[in-house]
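Have a look at this one before I ask anything.
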Amino acid sequence: MPEMTYLQAIHDGLREELLADERVLVMGEDVGRFGGAFKVTDGLWDEFGAERVIDTPLAEAAIIGTAVGAAVVGMRPVCEMQFADFVACGFDQLVNVAGKMHYRQGLAVPITVRLPSGGGFGGGPFHSQNPEAWFMHAPGLKVVAPATAADAKGMLIGAIHDPNPVLFFEHKHLYRRVKGEVPPGREETPFRARVAREGRDLTVIAYGAMVWSALEATEDIDGASVEVIDLRSLVPLDEEAILASVAKTSKVVVIDEANATCAAGAQVAALIAERAFEDLDGPVVRVATPDAPIAFSPPLERALLPQADRIEEACRELLEY
Amino acid sequence: MATTASGPITAGIDGASVTSELLTREDRVQLLRYMLLMRGVEERALNLYRQGKVPGSFYDGFGQEAISAGAAFAMAAEDRLCVLHRDLAAHLVRGVAPGRVLAQYMGRTSGLTDGRDGNVHFGDRRLGCVGMVSMLPDMMPVANGMALAFKLRGERRCALTWLGDGASSRGDFHEAMNWAGVSRLPVIFVLENNQYAYSTPTELQFAVDPIARAASYGVHGETVDGNDAEAVFAAAFEARARALDGGGPTLIEAVTMRMHGHAAHDDMRYVPAELVEHWRARDPVELQERRVIELGADAQELRADVTSELDAAVDWALEQPMPDPGSAARGVFCEGAAEPLGDGMAPFSGYTREAL
Amino acid sequence: MPEMTYLQAIHDGLREELLADERVLVMGEDVGRFGGAFKVTDGLWDEFGAERVIDTPLAEAAIIGTAVGAAVVGMRPVCEMQFADFVACGFDQLVNVAGKMHYRQGLAVPITVRLPSGGGFGGGPFHSQNPEAWFMHAPGLKVVAPATAADAKGMLIGAIHDPNPVLFFEHKHLYRRVKGEVPPGREETPFRARVAREGRDLTVIAYGAMVWSALEATEDIDGASVEVIDLRSLVPLDEEAILASVAKTSKVVVIDEANATCAAGAQVAALIAERAFEDLDGPVVRVATPDAPIAFSPPLERALLPQADRIEEACRELLEY
Amino acid sequence: MATTASGPITAGIDGASVTSELLTREDRVQLLRYMLLMRGVEERALNLYRQGKVPGSFYDGFGQEAISAGAAFAMAAEDRLCVLHRDLAAHLVRGVAPGRVLAQYMGRTSGLTDGRDGNVHFGDRRLGCVGMVSMLPDMMPVANGMALAFKLRGERRCALTWLGDGASSRGDFHEAMNWAGVSRLPVIFVLENNQYAYSTPTELQFAVDPIARAASYGVHGETVDGNDAEAVFAAAFEARARALDGGGPTLIEAVTMRMHGHAAHDDMRYVPAELVEHWRARDPVELQERRVIELGADAQELRADVTSELDAAVDWALEQPMPDPGSAARGVFCEGAAEPLGDGMAPFSGYTREAL
């Protein structure tokens, strides 16, 4: 099986789908000839032409709305927000047009929106956000966030095949830092959680880049056996996997790179507090970015985003609880 | 009086000659029929609303029937429409039965959304229609997307949507107009300039009538008499031909007047009486009726037919049950395969003739 | 003290501020001559003129952005979204321009955005939403939601006086259903929680219209002593008041009219699970609207929105736990 | 070559006569000085970036210095500006010290945001500037709001913001243009048409140059040579007079070319070499330098002054500490009283003369 970076895996997933399914379109700002701000779509314009890999005007609402229109007449558009942050400009089309269409009219909207998200490289307040939770709180949208190269490809393919609008959060900081074996072909990775490391004493729940921070932070906490759950999908949320792990370990730390309030981790913690209360041997601990914009200057950014040492400390405290 | 109301209305094409060429007498009667149906359904629905049988707010398109009837009548079965809140006739032209509309308004099963959405927010996907969302004019980019797909696939089809004068102020208007121009999309936007957006007159909405913007997007623009169904038909028909021939998008401004309040609760006290009077004399249904009577059609019989169709529709709709509360949270996601929009009815004889 | 409806109280608050502070502007679609879709601003245009009570074009992004601009040069704009649902169209200006300004540049943005929210009257998927949580998850925005007439006025005044952007969620279903004594003048109601009813056995946490449902549902549950906390403000969230009540009762039910996932209630539940774990004698129970658009048809809408009987049942179960 | 680049550039006013009337020799030297400063700060910053001392991405306005220098120079102290990402000279004109800009780029204290935001996203509120957000062109409605306040309060002031050709495609452009037209706001929008939005050439961005849209919003529109600081100044100065006299908003299209990649990582391979060559010969700094030399000014001395100012600025900036990590989450909300924007510097002698 070929080794690929997370970024190459996304590219590969797009390419496989463009090759196999003529209904698939790629569209967004600078995704065509230039190959995308992060070069995820590099080469696709040459291979598939300007009609299938479309450079659009700078207009996020129109990109999403146009994708919806193409989807309901049979296409499978994959659109890119240049940075996840800019989805705020297309927010209405996503939550009101795409998200509510099937419930209201039985009309499926098979679009995929790729959202390069996350911080850690001095992107500042407008190029570092993790806005997943906004869309978890908007019915009708699926929300997924792979952590590994293989999942990046498999879940992108799953998103493209899905008859619903899927928001695909690809973490920019993983693009070139994470590598792994990626199966060829068009196999879907199901939108279910994955046990990134098995353990007995404590569960750490994360997704996206935080899975790696969680693994790093818990590699060796005085020999404790720490289970790390990679959620992979936020909508649907794999509640069974979460509850099963908590039932086993009785202690849980939930990590968010996003701002803490009403984040994905708040939902996970609330779920556990309601449905796993009897299993718990300690508080449901959260480690998240405080409610501030992501600062540009490296020492500030580091202080805001959850670092491995902060996660480790939270785990250690809970283990000792 | 609002600027556009007093300004001259120039039909971009010579309505009379085009329509006499294209529309048969039967077509012209059909246009009247759809307008009568629209008016009748909305009258019945307003009664049901007053009886407390229609929940929520009640919007209608009284006085604007010519625009949805005329534009939808110009569309072929394989075209696709996003239908707005004053465009009931478009649903009827595409083949939605009046009874289903009434059931829809009352939130019953056998409506078009199984009670999930309200009176104007619907479309029959099997008939090639996407129902609007409330956020205006969000369907413009959606229509673009349909048109983009047609163009990419080399299909001779177009997409059409309506919007209001007020909606033209929102960003989505601009993003859609711009992209339609850049990509020369086979799309038609019908701007229903009915002088008001809720209580807001056009002079607070824009300094210059938005039809003036069309050219600066590379979009063909023209203004028609929105109370003349045949003029609207002709403009839409020509726009469709342009779209299919690679001539790109069209913005049609159909000038009309909203003759009811924004919704049933609104007494539209803010509208000058003269303005209403001016437009009452130009009622689109009466205009078309005079026309077909001149052509020798029996308008009285038509009215009688429509009335009995509507009587039956009301009875049928009232028999439909309310949806099962247990189903309320179902259907948020599509569980099976995604089915694209289907073809609608295209009653214009030009399409039937072609098909034969 | 005069009795007023919740709607009249908001009107009164606006009027007092327009009278007292010439920097205050009211702006929005149809708020002027017409007096607003709900008649909240009725009469203000006549009294204060078209320059202070401004009918705007139909353009939510511009309404919010324009308010921001006016605010940074010294005005105190109060803008109205005709329905809270339409804030999706001005989302970007709120979260990216208004919310991040002070953190980034030390520039205060004293705007108030009034958002008529909530369901219960056949408004359907686009006129019934409770989108508070989106903004709780966007740093720099205050989010408040009064339940009583007095609070509606006092908190609106507090919002206008606040140097930060404040999202003022006024529940449409309370407009004419709720009445109460409303103090004259310009006194602010602090953005802190209120004990709507004291109790010992169970805490119910709610805000907005759900406060009334909570009170109704727990009026008499076999004589149990149920405390009802009215949060009033979601950002800032009165964590101390929440924790104090849970410390007293050890059992808590959290109510949301909003869709469950990542709602305000999820944040409250997560807070309790982390900070009040030792106080808890049972799971943190949530009652919320399931993750679906708010249906139009009355039986469907009733089935989705939390009703008193559902709340009562949840409380009863937890009391028996 | 992109459409607008090859099309004729018509200055709306006779640049030469206006500038000779308004600008003193010293003003014209000052314009050059701000442009040299901008170019110099950005050169230094790029070096620091290559040395790893500037985090994140690095954007500059190389080749576009005339636009921010010229437009900002036309503004009075009491006017208000929202400054965009290729407009560094505007900050300098308003009085921001080069050292603070460099500290800002390096994420240090003594920058303008205390490390909270990055290189181009800042403004000094004490100098009447609002820093941009990344979302383009979100500052247009904000500029409208400032202008609205001025108008309501009867103040003779205006607001100005810049935007790009790409940004003109977004909804906020439309909403802001439309409202500015309806309310005849004293606002100036300077559209920097630098032929590209990141890699996207204008022909994929719009079918018709957006300046054509101005009139359809009731906004005065004109195109100027964006590489001629005095032409930009003259257009902005005239637009300001129009704004203050109740003549409403202006959209100035300043035609130029982005002479660097979108950001430092971008080699702009997608730009035809001839296009770059064409514009290299029209370098705005050299143009202004030739001008002032003709007027007898000592450009070499000026360059030397600027160089030593910049040397000192770099040294100073490098001495500034990084911000305290413990403060990272502070300042999200304003805890004290809201302080509105202050007045900026207005170096144009016309304002000083008035003031004297």
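We call the chains A, B, C and D, going by the order they appear; numbering starts again at 1 in every chain.
Definition applied: a contact is a pair of C-beta atoms (placed from the backbone, for glycine too) under 8 Å apart; a residue touches a chain by one contact, two chains touch by 3 or more.
What you see is a predicted model; the values in this text were computed from it and never measured.
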item: Most distant chain from chain D, judged by the mean position of its C-alpha atoms; value: B
item: Euclidean distance of C-alpha centroids - chain A vs chain B, Å; value: 40
item: Averaged-CA centre spacing for the pair chain C and chain B, given as whole angstrom; value: 37
item: Between chain C and chain A, distance of the C-alpha-averaged centres to the nearest whole Å; value: 30
item: Where chain B and chain D are represented by their mean Cα positions, the distance between them in whole Å; value: 45
item: Multi-partner residues of chain A (each touching 2 or more other chains); value: 56-57, 59, 61-62, 85, 88-89, 92, 96, 100, 103-104, 125-126, 139-140, 291-293
item: Junction residues of chain B, two or more chains touched; value: 113, 116-117, 121, 133-135, 169-172, 175, 178-179, 182, 204-206, 332
item: Graph class of chain-chain contacts, one of line, ring, star, complete, other; value: complete
item: Chain B - residues contacting chain A, complex; value: 80, 112-113, 116-117, 121-123, 125, 130-131, 133-135, 138-150, 152, 159, 171-172, 175-176, 178-179, 182, 331-341
item: Chain D to chain A touching residues, read off their complex; value: 55-57, 107-108, 113, 115-118, 121, 133-136, 166-167, 169-171, 197-200, 204-206, 270, 322-330, 332
item: Complex contact set, residues of chain A against chain C; value: 85, 88-89, 91-92, 95-96, 99-100, 103-104, 125-126, 131, 133-134, 136-140, 235, 237, 258-259, 261-267, 269-270, 272-275, 277-278, 280, 282-286, 291-293
item: List of chain D residues in touch with chain B within their complex; value: 169-175, 178-179, 181-182, 184, 203-208, 210, 212-213, 215-218
item: Chain D contact footprint on chain A (complex, rising order); value: 29-30, 33-34, 37, 55-62, 82-83, 85-86, 88-89, 121-127, 290-293, 295-304
